[in-house]
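Sharing a structure below in structure tokens format, with a few things to ask.
Per-chain residue numbering starts at 1, and chain names A, B, C and D are given in the order in which the chains are listed.
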Amino acid sequence: MHIMEGFLPPAHALGWSAVSACFLAAGLRAMARDLRQHPERRMLFGVAAAFAFLLSALKLPSVTGSCSHPTGVGLGALLFGPAAMVPVGFVVLLFQALLLAHGGVTTLGANIFSMAVVGPFVAYGVFRAAAALGMSRSAAVFAAACLGDLATYATTSLQLAWAFPDPVGGMAASLARFAGIFALTQVPIAISEGLLTVLVVNAIARF
Amino acid sequence: MLVETAAYASRWRGVAPSAKALFALAGIAAAWIACRPATLAVLALLPMLAALLGARVPLRTWLAVARAPLGFLLLACATLPVGPGVHGNWQWNGAMVPVAVHAGLRALAVLAALLGFVLTTPLPDLLSLLRRLRTPEVLLDLMALCYRMLFVLRRAWDDGVEAQRARLGYPGWRHGWVQTWRSTGLLAGHVAQQVWLRAAALQVAADARSYTGTLRFLPAAFPRARRQNALALLAGALLVALALGDRW
Amino acid sequence: MVTDHPVLELAGVDHVYPDGGTGLRGCTLALGRGRRHVLLGANGAGKSTVLRHLNGLLRPCAGELRCDGQPVGYSRAALAGLRRRVGLVFQDPERQLFAAHVGEDVSFGALNLGLDAATVAARVDAALDAVGLRDYAGRAVHHLSFGQKKRVCIAGVLAMEPEVLLLDEPMAGLDAPMQASLAALLDRLVARGVTVLLTTHDVDFAFAWADDIHLLAAGRCIASAPAGQLAARADLLQAAGHRVPLAFALHAQLAARGVLPPAPAPRSLPALLEALRALPATSTILENTA
Amino acid sequence: MVTDHPVLELAGVDHVYPDGGTGLRGCTLALGRGRRHVLLGANGAGKSTVLRHLNGLLRPCAGELRCDGQPVGYSRAALAGLRRRVGLVFQDPERQLFAAHVGEDVSFGALNLGLDAATVAARVDAALDAVGLRDYAGRAVHHLSFGQKKRVCIAGVLAMEPEVLLLDEPMAGLDAPMQASLAALLDRLVARGVTVLLTTHDVDFAFAWADDIHLLAAGRCIASAPAGQLAARADLLQAAGHRVPLAFALHAQLAARGVLPPAPAPRSLPALLEALRALPATSTILENTA
């Protein structure tokens, strides 16, 4: 879920940009290390970023019958590891802002934090935990993608609540408001993202 | 993609991307500085007019691109003054109205600045600007490949959907959402496989052209960049001055 | 089937692509049942667009598509009914195979018809048999050669048992023996009553194989006639961006010089070569020309 | 360059793919400098594998690659030296274009040679000029047609100014006028001293265009000879999955019957047709046969 261009106050926009820049720098370092060992992955990451962008621009069937845009970050985190997903997610989010006017440049930092940092790490963690608990691959992948998506949405709600605290109820009330509004769309999206990720991972596994 | 088509067709396609970026950045800074709603409205209007009149971006295109973010904005601003009260019941809270108006107009101004940039500048021009600004080369390679492969993979996706439709793949939600999901899943899996195959093919093709480990391209030249940058700086300074007027 | 109507028919169909690109302009074209049709035209004449209309993937901006003389509706159910009867094989196999295994891909359309598993399995076997890939059901698609992938695409449509089979540039990228075996497969289908329409820009192949030729130029069908009647029409062929098929041109020259009898005209260059070989050596020429 | 050595040479090269697939088996093949070479073989005979060896993308399991008679090493520097001299254009443009704009993509290989920006810019202009895309430098690659993308691929290699140009199935997917203009471009390159090798499975085109034909069958080069010498060798052509080019077969029949003089044999069917048309009407046949 993207925060639109310009919606965050300047202090928040700059703050999140600084936070995400640190993660991006770390992700780039990890990726450069990886590329030194596997130079051929440079092309792979580039094509994978295009695939993630494509998925995010697609209208996919969702269980409620409406259409939704998956983020694809869960899938990427499972395939390439969460650290590599920070630069890839940066590219995808930047392209979404520039090519689709989806998200924005001033809110890029906040969106990177929720979608390219929290989402992938949660998805990856959930997958490892589920695998350790002996769940089947499909169930683990579904849980990872689904919860990664929900974590992204929770983070965005928090970011918005922090930027626009309710004068009466404060941040908590504001969080309830944003989380409540976006739950309507995000829960079905999380479920369809989970389903899609299972299908794609199964297809890759048989390949 | 509407933005991309408009950018290639825009009259400012040949203007140096650095000039357009400077103007957009000035627009964003001005929106952040300004406090009065009227000033913010003017700051939203000016980049929009520049895109429509200066770069000849069709109004329909501008509105079509802005529709999705404006929808988000409307939803977010309209609900800002509504919230759970002390007793947990949802109620109208007048104190949030000015916050919502200010946030909404500011977002509008920043959005207008961004759209003024993206609707006149094809993304590859921005990439060559970023290259000159010494962006990490891994990131540039990712972006260059991503941009090119975007169109290749989307074509593969569209063709796949068409081939599936020809074989009754999408009967619709009511008639068989299982079948529709199955088609989507098969196709997504297929395109995911293509990621590996195409990456390998690109690697071989790059090697055949003496690939040295980074993707280097000759950036497009913008011979009148200096003059255009100066003009953009001037126009940007006017926007910022307008905004600073609110603070004094 | 006792009907005089063509099995499929485009009547005055206009098509404009969303980006304003050339589509069709008043295209009228009828496919006689159980015949071998070739749609011939230069790149960009609208060959693929015609095929997409015949399968209901595109919807005419004006004019209509008729099936057995009845206008085709564009409701979901009507389209499903049309596509059940009219199968379409696209040009590039890479873009239409999406399953990991051959059998899975071939079963896709048959499953979508709502058939039970046993019937689908039987149809998949029969379709793979027909294209000569009997033992390939379990193979991974990406390990196949280009020609094999092309045959898998055809099998995927055959498994739906269509009455009409449309193929976009089926011969492109195949070497000569593979082209011959594909033409033989199509002949077997026609013998079973299937109507086959294929597009090509190889005028020599078109006239060697087709019963009926449809000439497309700038989105309009400028001629539809049995191959023998069109072969000598250099004017029409040129309007469609083609030359007279070499077999006919050479035969005309040789007939004018009395080397070969004026009729029957051989349909293909190998047939012309055969006709020449069948002539006894030099002496007959003297008799012929006398 | 005063050398008798072929510019590129495979000497007894074996190649086995990691998945065990067919590669090359004792393939020996030499490319004479400044000539038009065609590598002819059925699908799967190993044509693409040969090209990848000649450009150093694959490394022989046995045997060696020689450049100007010298064995080529596989160190990074040696490979860079080889690829500077030997350019390779792949079949599918979508799999080898990675830059967003035409000019950027064409500059890629030239920049990798370590040239300065001004030289690269001049070479990009010259290469785009050569393929007839002079004003396309700023266009987005994804807005081009298939034929234009194919020409961008060629320009990207031409900008490296190779001595040897290898092209994998360059004619595939092009219609007749585009094929003719590509053949003319290759002829201009040969006239400037570039050695050109292309693969095809179109035997008629091969014999119409090539100086030298190399026949590939099951990973082995079974014959290398000037086109005129191979044209009548039905045995060798058949072993490579091909028939005798129709122009030669027809000419042989016509010459045997005295319709056309036995030499020179026309290289292509249009040339044969021209030769026939140039004959005055029937009477000459009597004279010829007399």
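Everything that follows uses one rule, which is that a contact is a pair of C-beta atoms (placed from the backbone, for glycine too) under 8 Å apart; a residue touches a chain by one contact, two chains touch by 3 or more.
These figures come from a predicted structure and were not determined experimentally.
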item	value
Relative orientation of copies chain C and chain D, as a Cα rotation angle in degrees, nearest 5	175
Contact-richer chain pair (by C-beta pairs counted) among A-B and B-D	A-B
Chain A and chain B: spacing of chain centres that average the CA atoms, whole Å	18
Euclidean distance of C-alpha centroids - chain B vs chain D, Å	44
For chain A paired with chain C, centre-to-centre distance based on mean C-alpha positions, whole Å	47
Distance between chain centroids, defined by C-alpha means - chain C, chain D (Å)	30
For chain C, residues that touch 2 or more chains besides their own	100, 142
Residue numbers of chain B (touch at least two other chains)	123, 144-145, 147-149, 152, 186, 189-190, 193, 198, 202, 206
Sites on chain A at which at least two other chains make contact	203, 207
Chain C residues touching chain D - in the complex, by the definition given at the top	42-43, 143, 145-147, 172-178, 201, 241, 246, 249-250, 253-254, 256-259, 269-270, 272-273, 276-277, 279, 281-282, 285-286, 289
Touching residues (chain side chain D, partner chain B) in the complex	52, 55, 57, 80, 83-84, 87-88, 90, 92, 94-101, 103-105, 107-113, 117, 120-121, 124, 137-138, 140-143, 156-157, 160
Interface residues, chain B side, partner chain C - complex	156, 159-160, 162-169, 171-172, 175, 179, 186-187, 189-190, 193, 197
Residues of chain B that touch chain A when the two form their complex	1, 3-4, 28, 31-32, 65-66, 68-69, 72-73, 75-76, 79-80, 82-86, 93, 95-96, 99, 103, 106-111, 114-115, 118, 123, 126, 136, 138-139, 141-150, 152-154, 157, 173, 177, 180-181, 184-186, 188-193, 195-196, 198-200, 202-203, 206, 213
For the chain B and chain D complex, residues of the former touching the latter	8, 122-124, 127, 144-145, 147-149, 151-152, 198, 201-202, 204-212, 215-221
